[in-house]
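If you scroll down you'll find the structure; I have some questions about it.
Read from first to last, the chains carry the letters A, B and C; within each, the first residue is number 1.
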């Protein structure tokens, strides 16, 4: 049951104490455990978690234009264009192999809802999440990231973290 | 015999009567219609409340939801099951993992798949974390609605710890999109358990601060005790759930009484809080206690996570067999349920979302008859609804 | 009391050896008050509304405008002045335009009698306290005008609430001051300060502040001041989450700036009144009122500083209550006033009167 104050009016005093203590705490220097919780962006920046869904990046070598990501996207914001070409046969006298070449791969981040289905569904590990979030634009058409720009984010992809004890998951590796 | 009434007298008499009638009309004015419109700080989102006032008293009050209707149930008919999971996050956007759970459990029930114990355990932990995130904001919002803005800032500050933990494991703070049919998307990163335990300590401190600053404050108590009293039978007949029902003395909690398979509440030691009064204070106090209880549950569950796989064997392309299933869980806002009808293909045939807030605000017209305008604010704040949950 | 308190009343330019004609002196006085009001609103706004509130809420407050964000209010003021002057179609134009000025005029008039030193005062009236309380009541009319003239139902409700609240809380304020006036024997503010400097409890023990003998009245005065400023916990007229700004809701641009300045400058004025009436104003403790220190030229600087410190202390109390408590409902507000504050005042006033006669 709720606590009954010892004397009427006690709650008012205790409340004043809470705000006063908080004020003193905010003014204490960081070394003594005090300080405000404000992080003064853009002078200081917080580190997002490694798994944080900031931006999607493309590792072009692995992509086979299977179009799975484009199909599974709930917003249909991935645009892929590819053409088939004949690659030389693996052995002498064999048939030429038909392969896909990726012409265009773009993600429209103005539509993207950052759900991660495309990254999860890619069977060839060509899409990765990166925690980068500072890519705001003044013009909305610049939020359509083409192949080259998507590849540029690849350096910011962190390594996959090890798991907690008791897990049976294997830690995946970031290629390249 | 009296002298005949002259025409002049007759006209004078009629004019007199008309003047009297005019005065009567002016004195019998109807109440003022106040539109607490879609844009208002007190309604958590775009809820319109049409109130007829007589001075400061409300004669009748009608909530008009629908300004945020996004067509969820229709959208779900043209999305695959993983895609629906991402959409469903956005119904109750403050406790978003909690929206995914009954949906996934309904699909698992139809497919006959059970998630491995480790996944069930972590699912329950994330469920309770979303509860803390949601109700911590309720406590802050309660302060803001009633004028004590400082509590709102403390709520946002301490909710960050919970959101950081959710982000560390799922990648998204507000829309985790982490539950999958058959388990969870990924396992816990190293160090998460210790960090979450530290976060729970901070949440308990926050609850103590809120109790000192708001719940124990005499002004708050005089604003909420005895205001918006919902008797038990009325609460049951209007379909209230969650803390609103428990605030009226109904001892019903889906986690304990009707827990769907897939959540592990029976493996930890916790209590259900009820209060017999049924007023705004009891609802607020119960939610404070629920936050503490949720922190306790998370603490216990973190110590006992079983090892094992995180995902059961599930086909790549998910086609749920034909059938119907209804699964309801105790979400932070109340009882949330999904009635899933499947015809055996990629997309669900029909999804009916039973959201808690829709039923919770149905009682507002009954409750707000004869109360003062400030009390309407305090009642709405204590009933606690989220517009995304009402309108879907 | 040793010296007559009225001996301290002089005129600053006369004491300095100058003797300006009446019109020049009046112009100087008008200019001083006109400058003082925005300055004090600025100081209170920056220190308490931005910085102290932020520290109590575990955050930093504005940091970008000026060094450590101290010029934020100036930036806000400049922003308000350059905004479009929007008047609702259905509003009563004359009433709508004049309302903020009425509120501001009452604030300006309040600053006329606040003494920052024995002779550093714009006009030292014999009815000082009475004048102050009367002038602070003018703002009620301004708020009612704003509420009615805005053609907005929320503003109307807020105006009506304000009328009830502000008029009701005039009484505890007046009664709280009556005890001080009885003890000092004069309504002149400089005289009250001198009486405090010379006060001896039971005729024996020197007690430099009326705060100690009038503590309940001090608390009642603070509560009444908070209600007069429509600040939480008494801010039903401006309940942000219900009435979305109440009587100020239709005001934007420089008219809103007038309301804002009026509120904070009046807070400063009430804090100044409280420090003069209860904390001794510009007098230093244990320095008698006829000491030469008070008439020395150094005191022209020290006096205002002493008063300013006391004002900051009282303002901290006012704003501390503001940031901590939720708000009362209108009828609870009235109950507090009529059932608790006024009886306490009446009891203490009679007690003071008896004590004054006996001792």
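The rule is simple: a contact is a pair of C-beta atoms (placed from the backbone, for glycine too) under 8 Å apart; a residue touches a chain by one contact, two chains touch by 3 or more.
Source: prediction; values computed, not measured.
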{"item": "Most widely separated chain from subunit A, with each centre as the mean of CA atoms", "value": "C"}
{"item": "Closest chain to the centre of mass proxy, which here is the mean CA position", "value": "B"}
{"item": "Cα-centroid distance, subunit A relative to subunit C, in whole angstrom", "value": "54"}
{"item": "Centre-to-centre distance between subunit C and subunit B (centres being mean Cα positions), rounded to whole Å", "value": "44"}
{"item": "Inter-chain centre distance, subunit A versus subunit B - centres from mean C-alpha coordinates, in Å", "value": "29"}
{"item": "Of all residues in subunit C, the ones touching two or more other chains", "value": "56-59, 323-325"}
{"item": "Where subunit A touches two or more other chains at once, by residue number", "value": "12, 15, 18-19, 22, 37"}
{"item": "Residues within subunit B bordering two or more other chains", "value": "150, 154, 157, 213-214, 217, 219"}
{"item": "Interfacial residue positions of subunit C with respect to subunit B in the complex", "value": "56-59, 153-154, 157, 161, 232-233, 235-236, 239-242, 244, 323-332"}
{"item": "Touch list for subunit A against partner subunit B, complex", "value": "1-3, 5, 8-12, 14-15, 17-19, 22, 37, 48-53, 72, 74, 113-117, 120-121, 129, 161-169"}
{"item": "Footprint of subunit A on subunit C - complex, ascending", "value": "52, 54-60, 63, 320-321, 323-325"}
{"item": "Complex contact set, residues of subunit B against subunit C", "value": "32, 34, 40-42, 56, 143-150, 153-154, 157, 213-214, 217, 219-220, 222-223, 372-375, 377"}
{"item": "For the subunit B and subunit A complex, residues of the former touching the latter", "value": "79-80, 82-83, 86-87, 118, 150, 154, 157, 160, 164, 167-172, 175, 177, 185-193, 209, 211-219, 221, 275, 281, 285, 305-310"}
